[in-house]
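A, B, C and D are the chain letters, set down in written order, and residue numbers restart from 1 in every chain.
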Amino acid sequence: MENEGKYTTIHYQKYLALDELLNAQNLRSEQLGKPAHEEMLFIITHQVYELWFKQIVHELESVIAMFQKDQIDESNLGNAIGRLDRIERIMQLLIDQIGVMESMTPLDFLDFREYLFPASGFQSFQFRAIECLLGLPDMTRITYHNTRYNSVFPDDQKERLAQIYNDGTLFDWVNKWLERTPFLKFGSFDFIKNYKKAVNVMLEKERKAISASEYLSDDEKVKRLEMVGGTDTYFKAILSQENHDQLVKEGKKRLSYQATLAALFINLYRDEPILQLPFQLLTNLIDIDDLMTTWRYRHAQMVLRMLGNKVGTGGSSGHEYLAETARIHKIFADFHTISTLFIPRSALPVLPDEMKKNLSFHFTQNL
Amino acid sequence: MENEGKYTTIHYQKYLALDELLNAQNLRSEQLGKPAHEEMLFIITHQVYELWFKQIVHELESVIAMFQKDQIDESNLGNAIGRLDRIERIMQLLIDQIGVMESMTPLDFLDFREYLFPASGFQSFQFRAIECLLGLPDMTRITYHNTRYNSVFPDDQKERLAQIYNDGTLFDWVNKWLERTPFLKFGSFDFIKNYKKAVNVMLEKERKAISASEYLSDDEKVKRLEMVGGTDTYFKAILSQENHDQLVKEGKKRLSYQATLAALFINLYRDEPILQLPFQLLTNLIDIDDLMTTWRYRHAQMVLRMLGNKVGTGGSSGHEYLAETARIHKIFADFHTISTLFIPRSALPVLPDEMKKNLSFHFTQNL
Amino acid sequence: MENEGKYTTIHYQKYLALDELLNAQNLRSEQLGKPAHEEMLFIITHQVYELWFKQIVHELESVIAMFQKDQIDESNLGNAIGRLDRIERIMQLLIDQIGVMESMTPLDFLDFREYLFPASGFQSFQFRAIECLLGLPDMTRITYHNTRYNSVFPDDQKERLAQIYNDGTLFDWVNKWLERTPFLKFGSFDFIKNYKKAVNVMLEKERKAISASEYLSDDEKVKRLEMVGGTDTYFKAILSQENHDQLVKEGKKRLSYQATLAALFINLYRDEPILQLPFQLLTNLIDIDDLMTTWRYRHAQMVLRMLGNKVGTGGSSGHEYLAETARIHKIFADFHTISTLFIPRSALPVLPDEMKKNLSFHFTQNL
Amino acid sequence: MENEGKYTTIHYQKYLALDELLNAQNLRSEQLGKPAHEEMLFIITHQVYELWFKQIVHELESVIAMFQKDQIDESNLGNAIGRLDRIERIMQLLIDQIGVMESMTPLDFLDFREYLFPASGFQSFQFRAIECLLGLPDMTRITYHNTRYNSVFPDDQKERLAQIYNDGTLFDWVNKWLERTPFLKFGSFDFIKNYKKAVNVMLEKERKAISASEYLSDDEKVKRLEMVGGTDTYFKAILSQENHDQLVKEGKKRLSYQATLAALFINLYRDEPILQLPFQLLTNLIDIDDLMTTWRYRHAQMVLRMLGNKVGTGGSSGHEYLAETARIHKIFADFHTISTLFIPRSALPVLPDEMKKNLSFHFTQNL
């Protein structure tokens, strides 16, 4: 019977497994006969984090699955964006939630802190899974007391993390999807060639404007012309495939040359109908990276406030470690810095008509 | 010289007109020789509101201009969505900002309240302009001390508000844009006919499932069957054009029958590539309505806290008036209630292949 | 051995009971063979709500326990305030979290909604416990389909809710604590007598100012003088014990006359050192009431968006019911409206020196 | 006539100086004949920042004035806390507001960025005033292109900033207020002597517990005993005045030895009635520091997103400079790290009865 499920009966308490959920707060301080009021907050806050982590993993896995197909189904792009939007909203909650934890004072924390030893947030498997699914590169991870991040997990969890890298992270799959972007060469139109030319025209104009300015002193003119020269060198270096590949080899860039050009193209021509959703998706990745970083940062601040310079529950100097991850553990940095390559719309190469037509669709046109 | 602007020189202080801006806080309590520390907060909070209102007006006017064209340029849809998103972010700030105002206690307010009489937020022209631009219907507005909302303004501002209605509000233009939606009839496929059929099939299945259920008592079966009957009547009424037009005539609905069907179609088939941006836009409108309502509501709460049952600075019983506007002054209610018409994806009419092809585009396809 | 707990060993995964916690998401749609991606969000969001509810209950119970003592230990007042602050931060998260739920579209919800029937948020025991602990009066509760709020619970939970009322709610205990406030009569100083006099002086001054004003027309003067007359009547009615007791009998007020005067006194003289923490506490109660109301309101909005005019999962017309609870289910309304009684500081009765001394302490004074 | 102010008449538009305020958005792109839609957002966002900055300056100046008196009036402590709370709420808005600015895309920014040159946020006088009023030490400021932060201002503004340092910053005055804290020596009770003893007892107990533990291996015992030894050394160093004064001389600490002990005492015994407000105040300072840092950090992120590696409008490599200020420009760091010195409540020295009595007051006691 197809709708059978609807006509059985289920209770809120049972559906949400509240008996299990609300009996899963085992205060160590109570077990040891010295109940500390604030340990409840400590446990519940962490449990809420882990529940949201599970939701984020659920969304990331589903988005990666969409991108894993050779030809991504366009009908999925809106879904992928919706799910990444949701991850952002959850991450914002995770950041705000730090304020709840901070309502516990350092002295209150000392009432039960010693009983937790050596448990540590460093042992959160799901958090590591999120980092891996997003695509935090394994090799650039900061070690912590000379310990690899995954060494605290049992074998099955270690394998699961390795498997994520094997299957390809969100970063990997987006890189591949970008590499398949059409339009970079379209008939006789070669985007990169035209773009380099446009950059040159723009810089030449600037040189002339500086020289002719009646507001600048000669000294200022020299300085400004030097700056334009610097920009010139910069663009030439970045837009060269050879150069780019070298940076990738050195681990200074991760996005491939082809994917970088595609991301640049999408950003520059994002008003074209077909590019609007891809542009949103790239924006999502930057947003998520920023939210991760903000979370790491606020987390580091909280640890400083709680423990001062004391070592963390896992034997770490928590604040420094966390602040350092905020600085280093960026995943989509190459999408951030792509804005370095932008030039004003007025200087952009004009797209051929035939190409513009291919970038359009006509929702409200009468058929 | 084209880039001339760049090589003049401008200072932050001057660019932002900070001399004017930071000298525009004229405390009445100081002028009257009884300086009240908290009046500064009162003025600055309201000034910030007005600055953000100006930004919202700027965005709304630009979005309406996009929709005013007979054939909306698809390349603008992404821009319209981006600007509506921005309005939402600003509105969220406006709501959060109430918390800053609430840091002034009622007793502190009394230190200068009497000097403001009879100035009142009721006299904010820009707030009225926002309501009008969005499309709050003129006739359904709650009057306040039997005074029309626009009677407090000088003639030129009254005319400006009338002009907004004349030129068409965001609601009006979205209604027209929806009416132009193609696809509701496509070749031999008639969406509304198929949809009615699908509703019937679904309800019939439910009736059978109820009758056959071994979990329900006879009494419960009767009750559930009655509920299904109610749903049946409901759908029939709503999906009838005659009925709908009658509701519009009575002022109970504002979205036209044709636009309602289009909105329904977009919601149901939003996964189709071409419908993804239109779906986002409809969601924006609901979000904005909710944010406006939340703002009205929080505003009403704040006034209650500040003044208790006292009359407001404009001679009004502020709390009741504001709470009532939160309840009544909805603009996009017809977009909210459209979800009443949804049926599960599994029961939806399948779109013809040729039609699905027309709803697609192929971003990553090799050309 | 006293510090033994510290030198055993415990793991994050075990301490937080993550095995139980992360296996408590049983998707009905999966069990029925029709997995719906979005059901995970639905479950996890509700589970997070319930975890936070547990924390709120934990804090409320501890605060009530502090107030239950005949003579509240002053050293607890700061703690009580800290815990009420924390409840506010959590409630703000609960409100923001609605935005995460709203990232699920109504159509997505329909993918699994039928499987949940008849489970309903109406069945959340902990939410009812919070309402009771705060002191939502039993009799004024809106019924729902003619069903009392507690009828959906098993006997032990019903008894627990009854027990909360028996033991006294936060409202009850704060009322008692206020009634014990000293200072309302101090030596020959009688606060209420002096306050009535001050109100009269203030109103008389206003009458004179109106009559003498050169800015007001005669018509306006008549209107203003009528308003002053109304205020006069109002204060007289409110400051009469007989009148107040009658309102309490009719259920229009809940705070006793004595407690109301104490709350008024604390608000008016909150700058006195000893009254600063009591004033914070009263503010906390208002804040919590506002947050509860905002939460109810946003919840109602979300249900409207999800279901339109459809009946809720518990067979209710959810939106209307929830919106109505937002309007009616106020707990600390008498603390809100107390601001109606305020008069400007400049008109306040001056406290006798001896009394001011008793309201002070001297933290930085050299001993 | 005393209440005259009330019976004149004033209009919202005039009171808020809306004519000046809403005409202060002068788009450079419009003046240069190339209107850029997004410049409005850029201007308004910055103007809102400056209005809030004015409010923060207003509050900071008033709080400093309270602390400047030789004997701070205790009735002001609650007010000071209320105003610092308000500053925190405003700062939270300033952080959230970055999200509004980020709704402008980097390419949109390029439409008018060149016209702003060389104006820069580095030229915001009010922001510098806030840093100075809080007490950011002049000498530790990071320079920027080898330019001192105040070199961009005209002489009168330079003098105003110097004057702030001369008059004493919030940090300076709180330091002095803490130094005046009584209770550190009370009769025969010497807090610091007792505290050192308590630390010793606690560490000795830990050593024994480690040695006796049956859960730890011999290797682990050695490691743990070493850690206890480290803590011992740490406390000894910190609690020595000589050592502390040396750190102050080297610029590694700013809070004086005496003030540090007082802050420690307030944190440890914050439950005592008289210490509750001082404890709140110290918490405010930490919160404000964290919010400033978070703002700097989010600002740095936004600049990275907007400009990539490009130099800022003031000729700076904005992102690196801002990120560095987030790392270095801490004002109340010594209050953060004080938690390093905490020991659990169970190990705290017990206060003599006579002293506890002096730390109390009796609000609800019958007189």
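Here is the rule we use: contacts are C-beta pairs under 8 Å (C-beta built on N, C-alpha and C of every residue); 3 or more make two chains touch, one makes a residue touch a chain.
The structure displayed is predicted, hence computed values, not measured ones.
Participant: Shared touching chains for chain A and chain B?
Facilitator: Chains that touch both chain A and chain B, as defined above, are C, D.
Participant: Given the two chain pairs B-D and C-D, which is bridged by the higher number of C-beta pairs in contact?
Facilitator: Answer to which pair has more contacts is B-D.
Participant: Which whole number of Å gives the spacing of the CA centres of chain A and chain D?
Facilitator: 29
Participant: Would you mind pulling out the distance in Å between where the CA atoms of chain B average out and where those of chain D do?
Facilitator: Computed value for the inter-centroid distance: 39 Å.
Participant: When the centre of a chain is set as the mean of its C-alpha atoms, what distance in Å lies between chain C and chain D?
Facilitator: 31
Participant: Please set out, as single numbers or ranges, the residues of chain D touching at least two other chains.
Facilitator: Chain D, residues with two or more chain partners: 3-4, 6-7, 9, 105, 114, 270.
Participant: Which word fits the touch map of the chains here: line, ring, star, complete or other?
Facilitator: Topology of touching chains reads as complete, every chain touching all others.
Participant: Within their complex, state which residues of chain B touch chain A.
Facilitator: Touching chain A from chain B are residues 1-4, 6-9, 71-72, 74-79, 177, 180-183, 186, 205-206, 208-210, 212-213, 215-216, 224, 270-280, 358, 360-367.
Participant: Along chain B, where are the residues that touch chain D in the complex?
Facilitator: 3-7, 9-18, 20-22, 24-26, 28, 32, 37, 40-41, 43-44, 46-48, 50-52, 54-55, 58, 62, 82, 85-86, 89-90, 92-93, 96-97, 99-100, 103, 105, 114-126
Participant: Provide the residue numbers of chain A that touch chain D in the complex, in ascending order.
Facilitator: For this pair, the touching residues of chain A are 34, 105-107, 110-111, 114, 227, 267-268, 270, 283, 286, 290, 293-294, 297-298, 301, 304-311, 323, 327, 336-346.
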